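Please find the structures below.
Note that chain A is present in both complexes that follow, paired respectively with chain B and with chain C.
The block that comes next holds the complex of A and B.
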C-alpha cells in the first residue's frame, strides 16, 4: 500500500466498478431469462420450429395458460369431499385458533389461505361433455403436492426427534450427526442409483431382507401403491441432514436454565420435549417446514430417474412435466406457462420465508 | 455422563446405522465381481461386506468408459463456477455492504427478488438463449447461469457488514483507495465467509443435474452427475452392477472427502444455502 496519495477512484466509481461483474451476469442470466420466460409463455413456441426459423412463433396471449390449466365446460362443486372437507375443517380450526388468540396474525393468514385453497381448488371439474384441455397437468400438481405433503412431515418429525436426542456436545454425538448428515452431500443421481437398486425386487437389499424374514418382495418402483412411497423414502433419507442441523442450531438457543427449572417440576424426557422444547422451537419448525416445501416442490431427479414418472403417471411431478413438455414434446410455450405457475407458488413461499427470516433478525 | 446418556447413544446408533446402510451397500457392491452380483447381491451379510472381493470394477472404469473424462469435466466446471461465484460475490457484496452510492437500496431490492427465482423457472429461457448463441455443450454454458444467483452476494454482504468500521477509516485517513482497501484489507478478513461460499458453490456445481441435462447433450460434455444418470437406467444389461456402483462411489468421492475434511464449513454452507437459496 502506498501512503499519502489520494486514490484515483471516488467511492461511487469504486462501487460501480466492483458491482459491475455481478450486475452484468445477473442481468444477462437471471433477470433477462426470467422475463424472456414470461414472453415465451405468451407464444405458440415450438422448440424445433423456432430453431429452424426464428419467426415461427405466434403471439397467442394467455392461451397457453388456458390450455394448461383450464378446459371446456369446467364447473365447480363439492366433488372432492375428502380434500374439501379437510379444507373446511381447516377453516373452522383457523377461526377457532384465531378467536382463542393462539396464533399470530401471520400464521392465521397462512393457515386460512391454505384451507381456502383446499376448499376451492379440488372443486373444479369438467361438467357434462366437458374436459380438461390438458388432462395431465392438475394430476401432476396433485402428485407434487402429495410428494411434498409426505416428505416434509417425514423429514421434519424425524429430524426434530433426532436433533432433540443429539443436543449434546460430545464426541459420540458428533459422530452420530456426521452419519446422519453424510447422505445430504450426495448428488441426486447417486441417491437415485442407490435407491433404485435398494428397492429392486430381484437384487434389492430390502427385497433380500423381506425374503429372509419370509415375506414376498414388493415391486416398489413399478407398483402404483408403492412408487410414491419409495420416492419419499429416498428423499427423506437424502435430505434429513439440513433440517437436523437447523433444529440443532435452534435448540442451542434454548437456555439450559429452563430445562433445569423444569426438571425441578419433574418435567424430564418426553414431558420436557413436549412442554419446553416444542414451544421454544416454534419459529425454527415453521422455518424448516417452509424451506422444505420450497425445496421439495422442485423435485425432479428422483421421479425422473427412479420411476420415470410412472407407473401410470402416479409419480409424475411438476418440474418433470415441464421438462418433458419443453424438451420431449418441444412445446416451449406451454412448458413456460407451467414454469411461470411454478414460480408463482415458489415465490409465495419465498415471501413467507423472507417474512419469517426477518422476524428472527429483529 | 450418566447411564441415561449411554443408553441414548446406543438408541441413536441404530437409526444412524440404518442411515449409513444404503451408502455402505453401494461401496460394498462396487467391490464385488459382476458375475457374482448378476446371481445374488447378498453374498455376505446381505452384501454389506464385500466378499468375494475384487477391485476390477474400478480398474475397468479407468480403462474404458467415459467416467474419468466426466469426472474431469465435473472438476473443471465446479472449480470454474466456484472461482466465478467468488469473484462476483465478494466484489458486489463488499460494494453493497460498505460503500455509498446512488440507487443502492434499489439494487439491493432487485437482488433480493432474484433469490426467489428458482432454477426450474428459468431453465427454458436460458436454454433458448444459449441455443441462439450456440453456447451449449461447452464449459461456460455449464458455469455462467449459476454466477447470476445472488445468494453468494448476500452471504458476503452479511459478512462484510459485521466488520468494524474503524479498520476502513484508518486506512482512508492514510489515503488508501477503496479498491485497495477491498483487496488488501477486506478480502483477507473475509476468508472464512469465502470458504463457506466456495464449498456451497462447489457442492452445488458438482451435484447439479437439471441444467447440465438440458445444456450438455454431447457425452463429451457430461458432468459425472449427468453421466451417472445416463448409465443407471440400463445398468444391469450393459455395464454390470458393480461397475455402475463404482461410478457412483467415484462420483461421490470429492464431495464426501470435502465434507469429512471441512465438516464445519460444509454444514454452515449447506444450511446457509438451504435457508436462503
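The block that comes next holds the complex of A and C.
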C-alpha cells in the first residue's frame, strides 16, 4: 500500500457505508411501517375518513385489543376437556422427560410452554350473560392454527419423502426435481385457479375420477368437512418445492461413507432412512418446520380465493380477517391490533428458530 | 383488436396537437378482451360496458379512457385503498348501497352543478333513479340501471311437470305451493326445481331477504335495531330449507356451478339477477347447451307483498377531482348516460324515462316477461356497514344449509352480530 494517503476509510466507516443502503431501506419499509402499525392499533382509525381528514382519528389506548380479544364476563375453567387434558398430559410428560434427563433444556422449555398454553388458553369462556366482544376472532385464530397444524406436517413429510426418493444423480431424477419445484414458482392466484378447477364437482379432475370409480363427487370447497382439507392440499402442492430443495441440500451433506458402514451392518432402505438419514437431517427438518410455520400463519390467498372463508367461516383465517376489517370495514385500528397479535405469534417462532440455530450439536 | 389499435393510433395522431386528457376508470363486471367500439352488438355485461367505454375513448375529442382491472371480488377494497393512497380513479362505478359509506365520508364529488354543462338531463331520470344517486340533498353520481333478482326458468322442464299455462310458467304463490311444484318437477323430470348460489356469493341472502320483505319485515329498522330472529325470518328461511331437506335443491352449488346446472338443464329455476338475461338467452340459442327454452320471470310472491332484492349501478367521481380532468370525466359519464339503451341490453332495467318508453327498449328479448320487477324492487335500509352485514347473513345462512346449524340459533347469532355492526 502507498504511504501518506489518509483518505482511506477506516474499516468501521466502510462497514457503515456498505450497510447504509440496506439499513435505510430496512428502516423505511420495515421498521417504520411496523411501529406505525402499532401506533394505528391504538386509535379508532377509519381508513377512508382519515384519507380525507387526517384528524378523524381518536386515540383510544388498548381498546382495540380489548374489543378484538376480550369480552364481557369472561371466566376461566376446565371447559375444553380435550385440549386442556392434552395440555395436562403434555405437562406431565415434560416433567417426566426432564426428570429422566431425556430432553435438552430448550426442548423442555418449549414443550412445557406449549402444554401450558394448551391448558390455559382454551379455558377462557364467556360466563353467565357474558360474550366475546368479537365472536369471530378466536375461531379465526383456531382455524389458522388448524391450517398450520395440517399444512406444515403435510409439506414436511411429503417433501422429505420426495427428496429421499430423488436424491440420485440421474437425468430422470433431475427432470423430476425440476417438475416438483415448478409449482413453487406459480403465484397464489394461479395455484388457486388450478385447484378450484381440480376440485370443481362438475368439471374437476377429482370429480371425474370419483365418478369413474362409481362415487358421487364431493363439493370440496363448499362442504364443511372438506373445505379446510382442500385448501391444505392445494397449499402442500404449492409449497413442496422449497422444502424439497432444502432437504436435498441436507441429504447431500450426509457422507456416503456412513451409508456404506451402515450397509455392512445390514441397514439398507427404510432402516438406513430411519437410523442414518433422519438423525443427520435433524437440523434441516427443524429449519423447514419453523420456516413453514412462520410462512403458513400468513395464509391468505388460498382461503380468500378458493373458499372466501366459508362455508360458515370454517376456512376463515387471520390475515383474511385482518384484510376484511381493514379494507371492507375500513376499521384500520382494529385490523392493526389483530396484525400485532399475528406478529407476536410469528415473532415467537422466529425466536425459537434463532435459538435452535445457535444451539450446539449435542 | 386490430380495429381498436387502429382507432387508438388514429386518435393518438389526431391528439398529438393538444395532448388528450386521460381519464382513469374503475369498474367491475369482469374483463372483455375484444370489446371493440360497436356498442350495439356486444353481448354480456363485461363486453357491453367495455364497448361503451372504448367508444367513449374513441369518440370524445381530447379524452382517452384508461380502464383499470375489472375484477369484482375485491373491487370496493381496491377503490378504498386507492382513495386512502390519494390516487382514486377519475371515474368509477359503484352500487347505490355504498353511497352512505362513501358520500358520508366526503369521498364523492357532488355533481348537480356539472350535469347541464356535460349534457346530462337529470329530469329524464326516473324518480327512483334520481333517488338512488341522491344523498342529503346532493347528487353524487349518474345512475346506470336498476338490477334485481329474477327467476330464470327452463320452460321445457316446467312443461314436462305441467307447470306452463299460456306460454308462461306457473310459479308458486306460497311456501307450500313451492314444495308441491318442486316435487312435481322432480317426479316428472328427475331434476332439481331450484338452483342458486347458496354457498358463496350472497344470492341465498338476497332470496331470504326478499321473502322477509314479502312478509313486510326487514333485517333491521331505520333507527338501527336488528330484527332477524323473528317469525318472518324463520318463515323465510324454512321456505327454502324445506327444498334442501326434501332433496329438491342442492345448497352446495356456488355461482358458476349453479349457473352451469341451469344451463345443463339440471334445474327448472335459477335465482339470479337481471344481469344474465341476454347471456342466458344467447346460451339457450346454442345447439350444445342443455337449456333450450328460456324465460325470465318476476320473482314470485310467496307471502303477502311482492318484493325482490334490487340495487342500482351508478357512476361517480372522487371529491378531489377538478379542472380539466373533472370536465373530461363528466364527458365520459354523459357518454355512458347516452348509451343507457345499450346497457339495458344486458337485461338490466333502464333509468332514463325516454329509454324506458322507447320501442327499442320494450322490444328487447324477454323484457315483457319481467315487467313487474321494477315495481317490487326493494333493498335493506341504508347503512355504512352494508358489506359487513351481508357477510354476516351469508355466513349464518350458509351455516343453516351447509352445516346443519339450527335455524333459531343461526338467526339469533346473525341478529347479535348485525346489532354489533350497527352499534359500532
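One rule holds for everything that comes next: the second predicted complex is superposed on the first by the 333 of 362 C-alpha atoms of A that agree within 3 Å, B and C clash if a C-alpha of one lies under 4 Å from a C-alpha of the other, contacts with A are read in each partner's own complex, and residues count from 1 in each chain.
Convention: a contact is a pair of C-beta atoms (placed from the backbone, for glycine too) under 8 Å apart; a residue touches a chain by one contact, two chains touch by 3 or more.
In this text the structure is predicted, and so the values were computed from the model without any measurement.
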| item | value |
| --- | --- |
| Chain B versus chain C as contact partner of A:192, first or second or both or neither | first |
| A:46 touches, of chain B and chain C: first, second, both or neither? | second |
| Touching partner for A:223 - first (chain B), second (chain C), both, neither | second |
| Partner chain(s) touched by A:135 [first = chain B, second = chain C, both, neither] | second |
| Dominant contact partner of chain A by residue count, chain C or chain B | B |
| Which superposed partner A:201 touches (first chain B, second chain C, both, neither) | second |
| Partner chain(s) touched by A:313 [first = chain B, second = chain C, both, neither] | second |
| Partner chain(s) touched by A:323 [first = chain B, second = chain C, both, neither] | both |
| Overlapping contact positions on chain A, where the chain C interface meets the chain B interface | 47, 50-51, 305, 323, 327 |
| Parts of chain A lying in touch with chain C, wherever the complex brings them together | 46-53, 131, 135, 200-202, 219, 221-224, 305, 307-308, 310-314, 323-324, 327-331 |
| Chain A contact footprint on chain C (complex, rising order) | 73-74, 76-77, 80-81, 83-86, 101-102, 105-107, 199-200, 252-254, 256-257, 260-261, 319, 385, 387-388, 391, 394-396, 398-399, 402-403, 405, 413, 416-417, 424 |
| Chain A partner contacts - residues on chain B that touch it in the complex | 1, 5, 8-9, 11-13, 15-17, 19-23, 25-26, 29, 37, 40-42, 46-47, 87-89, 91-92, 94-96, 99-102, 104, 107, 110-112, 114-129, 131, 144-145, 147-150, 153, 171, 174-180, 182, 184, 203, 206-207, 209-210, 213-214, 225-226, 228-229, 232-233, 235-236, 241, 244-245, 248, 251-252, 255-256, 258-260, 263, 266-267, 270-271, 274-275 |
| Touching residues on chain A, where the partner in the complex is chain B | 1, 3-9, 11-12, 14-19, 21-23, 25-26, 28-34, 36-37, 39-40, 47, 50-51, 162, 165-166, 168, 170, 172-173, 176, 178-190, 192-198, 203-205, 208-209, 237, 240-242, 245-246, 249, 287, 291, 294-295, 298, 300-301, 305, 319, 322-323, 326-327, 332, 335-336, 339-340, 342-343, 346-347, 350-351, 353-354, 357 |
